[in-house]
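Both complexes below contain chain A, partnered by chain B and then by chain C.
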Partner chain A sequence: MGITRRDLLTATAGTAVLGSSVIPRIAFGETKTLKIGFLAPLTGEVSAWGLPGLYGCEVLVKNINAAGGVKIGDDTYTLELASFDDEYLPDKALQGFKKLVSEEGAKFVMMLGGDPWPGVQRFANQSKMLATTLLPSDLSPDTPYLLAPCEVHPIYNVTGVEYLARTFPDAKRAVICAQNDSLGIPSVATYEAAFEAAGIEVVDVNIFDPATTDFAPLVTSLLAKKPDIFCYDTAYADFVNLIAQQLHVQGYKGLQISCTCDNYPQIVEKTSKEFMEGFIFQFPDFDDPKLNEPFINFPEPNKFFADYNAAHPGTWTAVSWEYPSIIVQWIAGAKLAGSIEPMQVLEAMKSKPSWPHIFGEAEWWGQDLWGINNALVGKWPVVVIRDGKAVIAEYGDIPAWWAKNKDLMIKHMRNRKQMWDQRA
Partner chain B sequence: MKPARLAVPALFALAVFMVALPFGLKLHQQDFMISLLVWVLVVSSYRLMALTGEYSLVHVVLMGAGAYSSALLAKLAGFSVWLAMPCGALVAAGLAAVLSFPLFRMSGFYFLIGSFAAGEAIRLSWTYFTVPFGGPKGIKLIPSPELTLPGLGPIAFYEPIPYYYLTLIVVGISLFVLYRLENSRVGLTMNAIHWRAPLAESVGVDTWRYRALAFVIASFFAGLAGALFCHYYGTANPVQFDVAAMVYVLIWVIVGGVSRFSGPIVGVVVLSVLNELFREAEQWRPLIYGCILIAVMLYLPDGLIGLPARIRDWIEARRGVAALPAGAEEPADFSSSKRH
Partner chain C sequence: MEIILQTCVNALVASAFFALMAVGLVLIFGVMGIINFAHGELYMVGAYLVWYFYSSQGWPFLVAVLVASLIVTVIGLLMERTLFRPMRDNPLGGLINSIGLLFILQVLAVQVGGVGLMKNVPPAYRGSLDLLPGVAIGNQRLVALVIAAALLVCVWYFLTRTKVGWALRAVAQDRDAAALQGINIDRISMLAMGLGAGMAGMAGALIAPLARVEPYMGHGVIITAFIVTIVGGIGSLSGAVLAAVLYAFFHTFVTTYWNGTIATMMGLLIMLVVLIVKPTGIMGTRVSE
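Up next, the complex of A and B:
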């Protein structure tokens, strides 16, 4: 038994085809409801990585249901989202996980991950509930039911550096700034490895407190090192915005690279098109024509982007498509399993060494970094701002980079005490 | 029947209610109750500190110190959780004792800022030192207590109901101790320092010592709350104990009202329950929460605890009875009439 891209799209966008045969069943009330749990910060500082994801899921679920739902095994299901605001706190996350699983009857739970996950871990293991995270650093041998099926943060950042080094071979000095938290530090290790692999010297790393609001001293201090490349690491959206403005004010003319650049039109507006020209990051807008490549496993990305912006204008961020892409993959797993039961879906998804990730076939990976092969890694887009608009420059190959630079990455991860066996 | 005579049956009814409560709750609501009880202890202990007239911003960090210490002792040093928890509380108290020397050289606004700086220094050290504090990710897989009772077998304290009862017992005893302390000679002296520090000094009261004592005792209970928290949720990280959490504690205390022992408890219970009730409102929740806060501050300057007096005054005014100013007939708990 196997699954192909064709199967995957049939399970999601392909449900449109199913529509005509399903509608009569709906009329007779035979369609069942399938609940999907969404547990992420919807309020507070980290909500930028939760709320747009919920919006994206709502758009996807609406489209799937409008097309007649999803056929899994002998049953047809309409999808329903059950959400809970974990406020990025472990106690709220546990409360939410229990509510979604025990009371709402969710068959899998999507999470942002990070600080809330440890609060949930014990209950998730006890209840054998399939959960997903956007932060693979949550993975460890103690998390057998946790998958990172979309985002392999921060490993995909190597693709941006690889592109930068190839496109701008004269750029040899980089500085990195990062907030001191569970997102920032592993990302620093990744950029350090990627820059070293590309022959670029990291001349300074400034790790700042997440409570920082004035970035003028930080930017001044880093620019004093005369860098060719300014790396924002995985800074929160507000930080990228403020740091970019400071760089602009202080007359920086060099290259810029970041993991994310959420709400970049605002940054372009506050700085200039010229300043943001060539800004490299990792998260595309979904109106990009390169998302219509045959290997993309997401139903009608351009339509999704248009629907999303019509429903929630001005809120598109990196996570707007990530959580929905996890739903797409879960549906593929459920169809393969012929069941919606968490362990059967998990078994089906893990039954093959590769799986259709949103950006093409990818492999279950992570043993070396996280002690468990529960992260899906393959291609990842390198996005560049050109004339004020983000466009996909290329798809980078993470496994190929890893094959060449594995030892380098592990060295830097270990230096930053980010290996799974180094965590307290 | 006079209110004082109602107190014992009311407390008994409350105890019965709290014991029966988890069986009427859903699974996630049981977790909410555990969390709520922990925060009740935090705000009540904070009030002891506030009794001397000083508001600190280090209280939640000291709760974190209790959590981290207890977690490290249980996880790395092999202590029994039963021993690690009080040790965690003692570490928090010890830390407060050390901080007393620089902090109580200041007062008022300067003390507030000083306590914030001290708290941030402690909290950032947890972030900076990956060993042993786990850095930004903190400590996870913290063990829960284990207990085997003859005839009953092992009690699974990672399950919500057993842990709820453990928390209820610990918090109940702690509140009793705090209440007795507040109404003792020591508590009255602390209150005197709040209102008339120079006068207290003139009769030989060592104000520094009493302020430090309140700070240390309050921190002990905050540390205990932190230990209770981390051994249930299995994790302790710097973000949990940041200034945002401290702001919530301040809000609960101020909205509940500091004039009575029950004020902060009412504040944390009412606002937390409201927060849960409005959960369906998703991102609108902070707005609703903020509106409630503003309304309370505008119309209930004594806090929620002053609401019954306000209502009584309003009813009397409607009846044409000349009403006294709100809360005027309310005897302050700090007065000697409430001593026992």
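Up next, the complex of A and C:
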């Protein structure tokens, strides 16, 4: 293991964030500007998983720059974000990727991934540009320069199901609803595998049109199956909000599990604390004390959360910390490489069998599912709403689940045509 | 049985909103001969105004709904005077103007409210009413349904029982003949536009706590309104209401028992079949040249 948590935090917080308020500004030599590309949906239906990420990056970059920037090799860099709204469209994404790389001179490009990635893939390969995705289902042997260093969507959802099954052993019937897109379908396969592994029967799966405006019929249809567990899959943030309201109105009293539950205080307000009690999902608020555990690789999560909410109140979502955490990892990679050049940073990050992921040590993984070991997989938090507030219940172990249930996951991924060879 | 009844309740609510939107669209088309593509955006503006007045400023919900509807009515009047009246003899020009306005209103919504998560509009009426065991309607939906239905009845009464309403229908039937009878076409056009816009604004305002309030929320709604208008018979108010009810029940039942995507596809298919088999729609009448 060449790089440790200490190295990683030293690479970012030690020289930057911590110094912003208490350490006098360090005098560096000539400061250069380092551009980081941010290519994600900033408008439209999926913008909740783009725009808050940009806000998070702005907060992190501001803190880093305020403390004097980042020293990589012999140079010190001030970070600058170059963003482009891909509107979750492949052609827009290609336009943005070209602009960020060719005109802006970005040294790596962060993306949400999903539908836009196929539009970008060819150019990304040709330009040998390091890119990152939050959706490792974008990975394949044809994506050698694409990393999924933070989110291993949707594989981490197994940790929530594992927790649910252990905590509520009598819950045996689940229904799943998901929008029909590259976020929803692989997640359905994952939940189906996780439920089967936990001995829970999936009694109905409703895959709905992302243009759906009225969720009353969908909820009526699913509640008719008398489920113990309602699974929102990876429904868009607004969909979770509207579906939860309908579940509440139609009298559902069972368990709820979801990949995300962005802006959950609104849902609590619209339904009730009692209705939302025990809601399981996968994305913590960063004021959670469990994020101060020694294995967490993110500079001052609680302060970051406070800074973020002061700058952009009411916009925190699952991605608010994810893109920033990728910047933290990239900086560590660049420091290890002693260079900001994309291929050297990539080589440095991949030179180790494991790498410090935000939630602890993780391994480069993915060969079985995506044909390439470019996803960083380790622990992932299971978050539960208790008395109207999201708290981390535990950190689930994805590799341990995989070791036991690999065949099951591959079976369901193949059934849903989500294996990389099928998608190709 | 519970599922059937709950689906009927769901469909009833959808019917009222489809009808509000479609009747407004039909009024505008009937009187002015213009297909108002910005109708969905008027609905969106109504929802945004409720978000602003009710959620942000703390006004009572019904007051916010009323004010929102009035403001959208005024927007409609301005649209008639500045965008549609100069294009009275050029329906294509009016249509293009409405498309331009559609984008302007969307961009304005982005500028005012930003993008990202939907605007938070908490329900003003919490809880639900249990109609039967296993059959419930949310109080917010119930209030919206009652108001929407009442408004439709008022519009029907206005159009069929008042002189101004008769004049409006006369202009919709034959503008030249109505003008020869001394009916002021400009005023009737403004009335139709104001009424149509106000109904769209009211629909958006009422649905705000139940829907995804975001700048592009008018897209799906306008498609549904066009389907209903075409199936009902372009220009036919009673046809619009009937088609709204039929389409809402059809769509809701297919969504519940099958799939929402299939329901939308079949809805469009029905529209195509109607266009081929009976181009005038269920209750439209052929106008002789």
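Here is the rule we use: the second predicted complex is superposed on the first by the 408 of 424 C-alpha atoms of A that agree within 3 Å, B and C clash if a C-alpha of one lies under 4 Å from a C-alpha of the other, contacts with A are read in each partner's own complex, and residues count from 1 in each chain.
Quick note on the criterion: a residue touches a chain if its C-beta (ideal position, glycine included) is under 8 Å from a C-beta of that chain, and two chains touch if they have at least 3 such contacts.
Quick caveat, the model's predicted, so the values are computed rather than measured.
After superposition on chain A, the partners chain B and chain C collide with one another. When the two complexes are overlaid on their common chain A, residue A:Lys417 makes contact with chain B while staying clear of chain C. By the document's definition of touching, neither partner reaches A:Lys273: not chain B, not chain C. After overlaying the two complexes on the shared chain, residue contacts for A:Gln245 are found with chain C alone; chain B is out of touch. Looking at the shared chain after the overlay, A:Lys226 reaches neither chain B nor chain C. With both structures placed on the common chain, the touch criterion links A:Asp209 to chain B and to chain C. Looking at the shared chain after the overlay, A:Asn180 reaches both chain B and chain C. Of the two partner chains, both chain B and chain C are touched by A:Leu51. Within the superposed three-chain model, A:Gly96 lies in touch with chain B and out of touch with chain C [touch as defined at top].
By the touch criterion stated above, A:Lys404 is placed in contact with neither chain B nor chain C.
Annotation: chain B segment clashing with chain C after superposition, chosen from 201-209, 219-227 or 291-299, is 291-299.
When the two complexes are superposed on chain A, the residues of chain A that touch both chain B and chain C are 42-44, 47, 51, 180, 209, 211. Considering their complex, residues 42-44, 47, 51, 83-85, 88-91, 94-96, 98-99, 102-103, 115, 118-119, 121-122, 137, 142, 180-182, 184-185, 209, 211, 417, 422-424 of chain A touch chain B. Chain contact summary for the complex, chain B toward chain A: residues 26-28, 31-32, 35, 75, 120, 124, 127-128, 130-141, 158, 229, 233-235, 237, 239-240, 242-244, 279, 282-283, 285-286. Looking at the complex, you find that chain C touches chain A at residues 2-3, 6-7, 10, 13-14, 110, 115-118, 120, 122-123, 128, 130, 134, 136-138, 141, 210-212, 214, 216-217, 219-221, 251-253, 255-257, 259-261, 264.
For chain A in complex with chain C, the residues that touch the partner chain are 42-45, 47-48, 51-52, 180, 206-209, 211-214, 216-218, 220-221, 224, 237-238, 241-242, 245-246, 249-251, 262-263, 266, 269-270, 314-315, 317.
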